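To start, the structure itself, in structure tokens.
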Amino acid sequence: MKPADPSFAHPDAVTLVTGRNVLNAVVLHIIFFGNTSLRQSLAQMTAIEILGLEKTYKVGFWLKRVRRALQPLHLTVEEGEIFGFLGPNGAGKTTTLKMLMGLVFPTAGTARILGREWTDPEVKAQIGFLPEQPYFYDYLTAHELLDYYGQLSGVPGKDRKRRVDEVLQRVGLADVKGVQLRKFSKGMLQRAGIAQAILHNPKLVFFDEPMSGLDPLGRREVRDLMEQLKQEGKTVFFSTHILSDAEALCDRVAIINKGELRGVGAVEDLTSTVQGKVEVIWQGTQIPASIKALGAECHATGDTVRAVLPENQQDAAIDALRRERIRLIAITPLRTSLEAYFVEKLQHSQTTAGTTA
Amino acid sequence: MNSRIVHIARNTFREAVRDRVLYNLIAFALLLSGAAIFVGQISIDIERLVVVNLGLTAVSLFGVVIAIFIGIGLVSKEIEKRTLYTVLSRPVRRWEFIVGKFFGLAGTLVVNTFFMAIGVFGALLYVAHKFTRPDALILVALYFIILEFLIICSLALLFSSFSSPLLSAVFAFSLFVIGSFADDLRGFAGLTHGFTRWFATGAAYLVPNFSALNVISAVAHQHAPGAQLIVQNTLYALFYTAMALSGAVLIFERRNLK
Amino acid sequence: MTARQRTTVIASASLAVSMAACVLLLRHIDRIRPQASIDDVLYVASPQMVKRASLGFDGLMACIYWTRTVQYFGHRHYNREKSYNELAPLLEITTTLDPQLFPAYQFGASFLAPTPPNGAGEPARAIQLMEYGIAHNPDNWQIYYNLGFVYYTELKDYKSASEIFARGSKVPGAHPFMKILAAQMAEHAGDFATARLLWSATFETSNETNIRQNAMEHLRAISVDEDVTNLQAAVTRFGERTGRLPSGMSELVAAEHLPGIPADPDGNPYQLTPQGRVQIAKPDDFPFVTKGLPSGYKLSGLPKFHTKI
């Protein structure tokens, strides 16, 4: 730290920043401009902050029974990342999204989106939302629909026309822009949905099951689009129950089941916690007892045996085979998948649910 | 804020038109021309009376039916079909949505009434062969009918914000019928005693007063409604509409969408 | 305050204000158009047209028109109006829609026939209404009663009244007093007893406030008329005995051995003028009285109906 310099007292922060290091600039920022803007600029780095959002429904004729759709959820999503929100059907993914969109009111908890209260209507100008199996005004054409949504999002007239055409082109609906939506197939509707979500160039997009109803080609296109959005600096938050998509796309994921958060983290970090496995294939139909003792799953097919056993037992297995003079055909590490992590987390919750019930 | 309401209103109008609602004008035209021709033929000296009475009654009834049938679905259909999701995820306030829908529906009815008015004047010309000064009173009757529509639209919207389309239709239609006898209801309330009186009077005042807005018979007999009545009725219709819309906003603001 | 809370406050305020405004405006509008529900009657060509316009809901419309009739009369009566031009059409429409709406006939008998301001002054239409009722309800003795009532009270046609009461008494289930009335009409039509019988019958057989009040007032008037007649006769007797007029009511009371100073139904003592006329203290309280009115007193013609039933 340099000795105190009289020019520190100068109120012109710009000249100071150019001459000093960043840390000093930050300190001066706090002193001269106050805490809030710094907090805001720090907060800008967090796209979504979910603070204890909770949803409980009262059900039954006398509204006595209680159904907890979402237990208090705490989650953070950083700007510029693709975040996957995973869980089986009915886990609470859509409920969370609807609460963030202001469609459903939480029983407790708050959230901040792009640094502002999630109930702030101006926040909505910066976000896009694609609901699950979207349905649009079917008497409108794709062009009219996007134009209408553009009006509602506050996109000015001149830009709107250009943006609508651009976006239609991007999702591949340019040819059918004059066709009424009631004539659209499921895949086309999905594309229209994506189009309306990105039309107004939002910083943050929410997709609820974006791949549903799409054929493999369509899914590939959506994946590419999501990557592009990330390249453009946007944040993507999407929910899905298809793990392969999540694995391929996401920087970080959260797993939710029965309204409870089961795990959060970067994909690699999560998958590495699951023990790796290897696949060993040898000639013959013999299954040595020592290999069985290692906890291997063995299947004999034709004149080969295929065994799957934990990675760390790999060497012991090779030794066993050599001892028995069995001819080794192949050893292949099985790629640990998110699915394994997912299943493990879900099973864990089943068990805990079982023990606490 | 204002532009969003305008856009929603325009889109609501567009939806009504594409729903072929304006085709009702064909039925109306047929009815009125048939009546005009028939009445012109049998020459019973009340041609003007029939055309004005029938024409204005038809404008009123057709309009009320349209207002109710479109109005009841304005909110509930959007919730049912989930088209609201992509609208509310934009910087559209919930109350703007309600107000925009109202203006869209009201606008549809005004346009509809405009065309019907041309029809009525046309039929009148056919049977009477010329216009006389008092015929301008028909415009006053039409103005009152539009005030009626404003009230009905706001009520249909109110019911739509919390009730299924079928129930909303029943409520709205019932209120229309009861409202037509609002004077009698108030009189009846005056004859009761005690607790019933409080309840009956309260209900009688809350029910939309369509009897005051119905000047069809008077206009048919070329009696002009007083200027004070016109002003009071206008204010009443505006306040009543505001009341119903406030209710709709309050309900809709709280609604969890499925 | 969040945006949502702000909207809630504004919307609630708007709701309250508009509701209040609506109520106030309605009261104002009511004052501007007091004839509101009568408009239709003014413009409708005939009861048949109303019937057709009811789209089959005749019963309900009849009830509505009946309510309007009662209100119309009550409203005008309360305001001391001098005419009831719409009463006959209203009653005709009501009974065309529902010929079995019996209170309407009784109402017509009580208020269509008498001269204004006590009624509409249309005895012919009243009779027409009754006969319509009889034609549609031959098994109902009460309409005969109502018809006879009109002949007796307004037309003073005692012969016809007697015949009608006699016809009515033959209807199965007729009240016994029909026979009595028929007999009374024939012999003692002008008697107080007969009148009292008739008006009591009206009072007993009706549940409608206006009719009962009207009957009550007539009974009071009969009471006063009877008292005045008797007192006047006593004055005459006194005169024949002593050759002079009594100096005051107390002297008459003493001479006739009456129990006390006679008073009218309200408790006000009858007065005796120096000229020997018996008169009532407050003629305004007895709208239908015919005797004992101070000289030069003109019946204001506006019934007060101050008695509470």
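By written order: A, B and C. Residues from 1 in each chain.
Simple rule for what comes next: contacts are C-beta pairs under 8 Å (C-beta built on N, C-alpha and C of every residue); 3 or more make two chains touch, one makes a residue touch a chain.
Predicted model, so just to flag it, every value in this text is computed and none were measured.
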Next item on the list: With chain centres defined as mean CA positions, report which chain is farthest from chain C.
Entry: A
Margin query: Using the stated contact rule, I'd like to know whether A-C or B-C comes out ahead in C-beta pair count.
Written below: B-C
Margin query: Taking the mean of the C-alpha atoms as each chain's centre, how many Å separate chain A from chain B?
Written below: 49
Check: If you average the CA atoms of chain A and of chain C, how many Å lie between those two points?
Finding: 85
Next item on the list: Starting from the mean Cα coordinates of chain B and chain C, work out the distance between those two points in Å.
Entry: 43
Note to self: Show the residues in chain B shared as contacts by 2 or more other chains, in ascending order.
What the structure shows: 93
Checklist line | Two or more partner chains touched - positions in chain A | finding: 121
Notebook entry, point to check: Multi-chain contacts in chain C: which residues touch at least two other chains?
Noted result: 3-4
Notebook entry, point to check: chain C touches which residues of chain B in the complex?
Noted result: 93-95, 181, 183-184, 186-188, 190-191, 205-206, 209, 211-212, 217-218, 220-221, 226, 228-229, 232-233, 235-236, 239-240, 242-243, 246-247, 249-250, 253
Check: For chain A, which residues are in contact with chain B within the complex?
Finding: 98, 101-105, 121-125, 127-129, 131, 134-137, 139-140, 148-149, 151-154, 193, 196, 200, 206
Next item on the list: In the complex, go through chain C and note every residue touching chain A.
Entry: 2-4
Check: Which chain A residues qualify as touching chain C in the complex?
Finding: 117, 119-121
Next item on the list: Name, in rising order, each residue of chain B that touches chain A in their complex.
Entry: 3-4, 7-8, 11, 14-15, 18-19, 81-93, 254, 256-257
